[in-house]
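What follows is a set of structures for review.
Note that chain A is present in both complexes that follow, paired respectively with chain B and with chain C.
Let's look at the complex of A and B:
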């Protein structure tokens, strides 16, 4: 019954989306306020129904209802509770349902909360949101029904891929999807504003919190995913420029550019074309990411539920939405071209540079990701990986860091280069000092890591400079948001540069009682013992870890064997110190009493993810700051109106 | 991103026909051999000379494990990746440069084996893309700026 209820909810949600689209289209065309008034409630109910369908799917997974095909294919009754719950989206159909659910809920939230932009623009926005939702409802209902029943239900299911049986599964896909789908709201706002020719500061202010929120979720999703891959994969890598990794990076790059350009539009009424275009691009990249992950068109280590035919469906949806938005953009080009201009050396100028460089990096990642397909069409099999992306995007990213350091120190509209250099004294000094210091202390360690470390120091200082000379208590929250986010980039960059330059690796085969050293640590193999888990058994090494004369905790890396489905995984054991991580993995036995150990000392590697969290925190502070200011302005306006009425009453 | 999958048996096998044929050829050619045997020398053991090991490590990070779902040979548990690591370390130890080893592997397995695509007529657009994109972007961005002399 639960599965059928879910399916009914899904069909109802789809029909409401169709209704929402039709109502919105009619209302905008006829400027009919009565029709328009119906759009908001429909959007809210549609979101609620999608949520209900998702809840039904989670329910059948939790109860291990083996008459549902999806549960049989992806779950097992012996699985721990958390993985039954999160396993609902650890497969193709479930993850698409999650996608649509977040889409519906986001649309409902816009309908419920948004009061700032013109009603007609909002109606058009909700219409666009319904159009997107409708395509994906069709995809679910016709090509990937998550609630399909089996006529003969087996006794138990086939289980979930063990690599997914990790708390990360409960956290990573939902945050990433919230980010992807949050960008759909930005896309819908852009389409709505184009339809009603309303591209201006009010539109930008309405769109900004959605862009920021999507960006915060994407940042958290990528950070969490990177750390998950880092500890789960057992080789200590945190980014490999894999197609699926790039699929999450591309929307993030577009969203980063978008949130800066939307600020210019909100405060200075500039960069209209950039903002609208980036909103379209950002969501296109989200859909492209979904397509990449779901279709399996590119081989990836992260692709878990792929189906080429379904990929085609998403590709068609992608073509319709992007093509439609671009066509609309072309017909309104005169409208978006207008807007305030400014001089090259100005805050706006630095933000244009930001947009430009981020877009170029996005282009490089996009081309690099898809180039193997293009080359295959030309008859050549080739691989595009880390060396290409580092060489092509690395230098541009470093220039971007320099722009990021300078941008917040520039004045709006026009400024002088000389004044900028003066304000940049401390950051430039910090860059120089850290470059010299790192080479003196560590010797030459490569140009890119050295520049990365030096610029990270400069950026860290530059990101705090906007607070100099301000009253810290009266500084708006969104300024803190910017400071914290930029600082987060500096922290993350420092972690990337340091860990890639100074990582120490030790690969050894040791008998019990023998030791190996890696970085500042001495690791001793104390024993190997079997361990039994819920749905796995493992061999666990006990490693004594010693740094200097002190003793450290016992580390216990495992080699795990899962039976449903039969798989072996390495569970790394990680010791986090203030200045880095010791990463240990148990490999195989050589059959003569020696065990393969893989040990890494990764200095400052934790800064990468800590920086990611700072970036997300900065985004959250910014949302809060803008919200607080809006509320204060509204209250002041209200008070002014009341005071005027008061004066009038007494004056009369 | 979702954690990486290592078990070759579990993978939905290589999808692209090119990959499949390549995997088939590889299955016949040394150094790939049958599963379930002890790993080759230097597959999981470092070279005694740290400088050579560093050179080998840097190279191995840019070579593709041909039977995996997009992993470098340095990041893979697959037997074939182990064989290739062993081969790279031995050749580096014997005094070959990283580029010579890479060229030898490319000659044997094709461009697919390196993550650093060699410049050729096919990859020229790829390597030129950053410059073209940058130039195009600057040309577009120009429109946002007010002319100084106005």
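Let's look at the complex of A and C:
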């Protein structure tokens, strides 16, 4: 029953999306206010129905209803409840439903909350959102039905991929998707504004919180995913330049550029065409990522069951939406009045530089991700690995960091280079001091990591310089948002540079009682014992960890064996210290009493994810700040009107 | 802004779509094509690892008769899995040589006693140097080398039952 209810909710949501699109199209074409008034409620109900379908799927997974094909293929009744719950989106159909649910809910939220832009533009925006939703509803209903029943239901399911049986699955996909699909709002806003030719500061101010919110989710999702891969895969790395990681990085880069250019549009009414373009590109990258993962044209650790038919379906949707938006852009943007101009040395100038550099990095990641496909089309087989991305994107990212340090210290419209250098005294000093200090303390450790550390110090100082000489209590919250986000980049960069330069790794085979040293730690293998879990059994090493003279805690890395489906995974054991992490993995036995141990000492590696969270926090503060200011302005305007009425009434 | 510039994003996107369509229409091919195929085996000379079985040099692979060259180790689990298939290939009359990677004589002797010994020669590659120069990155891997020392096929991973025919065919063709 529950499965059928979910399917009905999905069909209803799809028909409401069709209705929403038709109403919006008619309302915009005829400028009909009565039709337009119906669009908002339809969008809200559509979002609610999508949410209901998702809830039904979760319910089916939680109760292990083995008559539903998806549950049989991806779940098992002996699984802990958290993985039954999260398993609902640990597969192609379920994750697609989550995708569409977020799309519907985001559209509903826009309909419910947005009051700042012209009603006609909003109607067009909701129409665009419905058009996207309609295509993906069709994809679910015709090519990926999550609620399909089996005629002969088996006694139990086939289980979930053990790598996914981790609390990370409950958290990573929903946040990442909220970011990915949240960008659809920016896309729809851009399409709506192109349809009504209404690109201006009001449009930018309305779009900004949605872009920021999606960006915050995307940042958290990427950070969480990076940490998950780090401890779950047991490879000790935090970023692999895997096509799917790139697929999440590309929308993030575009969204980062977008939220900066949207500020220029909101504050100074410049960069109109560029902002609209970025809004289209950001969500296009999300859709492209979805297509890449699900069509099987690229191989990756994230690949879903490969199905060319589904790939074709998504490709057609992609061609319609992205192609349509780009064609609309090409025909309409010429009709949008040009915005304000500005000098090269100015806040706008630095933001343009930021946008260009981010776009170049985006281009590099895009080329690196697609090059294997292109090369395959020409008959050579190759893969593009971390060396390409690091060499090509690294230096540009460092230039971007320098621009990021200077940007917030520039005035809008026009500034002098000499004044900038004066304001940059402290950051430049910090860069120089940390460069010298790190070389004196650690010796030469490579140009890129050294520049990374030095620039991180400079950026950290530069990011708090905008607070100098301000009344800290009266500083707007969104300024704090910028400060915290930029500081987060500095922290993250420092972690990347330090861990890439100073990581120590060793692979040893040890008998019980023997020790190995890595970094500042001495690791002793105390014993191996079998452990039984809910749906797995494991061999667990007991590692005594010693640093200096003190005794440390016991670490217990495991080699786990899952029976449904039969797979072995390595559960790393990690010791987090203030200045880094000790990362241990248990390998195989050689049959003669020796056990393989892989040990890493990764100094300051935790800063990478801590920085990521700071960046997200900065985005959240920025949303809050803009909201608070809007509210205050509204109140002031209201008070002014009342005061005027009061004066008039009393003739003063 | 120039008008044509506005159409540029759409043009780029169209190219991406065309490539994606081409790629989708092709049946997916998961074979790893070796860059070493068609090239000569690099020069090497490995000492024997077992008493009573000769070591292996590049010259041995140029002796006129095509051979299989198996890269293996006693500590590698998939090597155990492919051992029966190697014995099958040997039974077809195909000569097989081997390079043992980072291994010891006692471990190898025990491995061959337990899982069968298909090898004519076994070279001792203490630090994987020959393995790397052959363009092999893991164990097990199997090369088909024609009588003139030219590599005609590289099989990555363990030899499954369904791979036996293809390897035998490649060996037959190399004659």
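Structural remarks
Heads up, the rule we're going with is that the second predicted complex is superposed on the first by the 645 of 652 C-alpha atoms of A that agree within 3 Å, B and C clash if a C-alpha of one lies under 4 Å from a C-alpha of the other, contacts with A are read in each partner's own complex, and residues count from 1 in each chain.
Keep this in mind: a contact is a pair of C-beta atoms (placed from the backbone, for glycine too) under 8 Å apart; a residue touches a chain by one contact, two chains touch by 3 or more.
Note that this is a predicted model, so its numbers are computed, not measured.
Superposition of the two structures on chain A shows chain C clashing with chain B. When the two complexes are overlaid on their common chain A, residue A:341 makes contact with chain B while staying clear of chain C. Of the two partner chains, chain B is the only one touched by A:225; chain C is not. Contacts of A:315 after superposition on the shared chain: chain C is touched, whereas chain B is not. When the two complexes are overlaid on their common chain A, residue A:291 makes contact with chain C while staying clear of chain B.
Of the two partner chains placed around the shared chain by superposition, neither chain B nor chain C is touched by A:548.
In the superposition on chain A, no contact is made by A:513 with either chain B or chain C.
The partner of chain A that touches more of its residues, comparing chain B with chain C, is B. In the superposition on chain A, A:568 makes contact with chain B only, while chain C stays out of contact range. Annotation: chain A residues 296-297, 299, 306, 308, 376, 381, 588, 590 touch chain B in one complex and chain C in the other. By the touch rule above, chain C contacts chain A in their complex via residues 1, 3, 6-7, 9-10, 13-14, 16-17, 19-24, 28, 30, 32-33, 75, 77.
Of all residues in chain B, only 1-7, 9-10, 12, 14-16, 18-19, 22, 38-39, 44-46, 57, 61-62, 64, 68-72, 74-77, 110-117, 122-123, 126-127, 129-130, 133-134, 137-138, 140-141, 143-146, 148 touch chain A in the complex they form. Against chain C, the residues of chain A that register as touching in their complex are 273, 277, 280-281, 284, 288, 291, 295-297, 299, 306, 308, 311-312, 315, 318-319, 322-323, 326-327, 329-330, 333-334, 370, 373-374, 376-377, 381, 588, 590.
Of all the residues in chain A, the ones that touch chain B in their complex are 161, 163-164, 166, 168-169, 172-173, 222, 225-226, 228-229, 232-235, 237, 240, 242-245, 248, 270-271, 274, 296-304, 306, 308, 337, 341-344, 348-349, 352-353, 355-357, 359-360, 363-364, 367-368, 371, 375-376, 378, 380-388, 392-393, 396, 505-509, 565-570, 587-588, 590-591, 596, 598.
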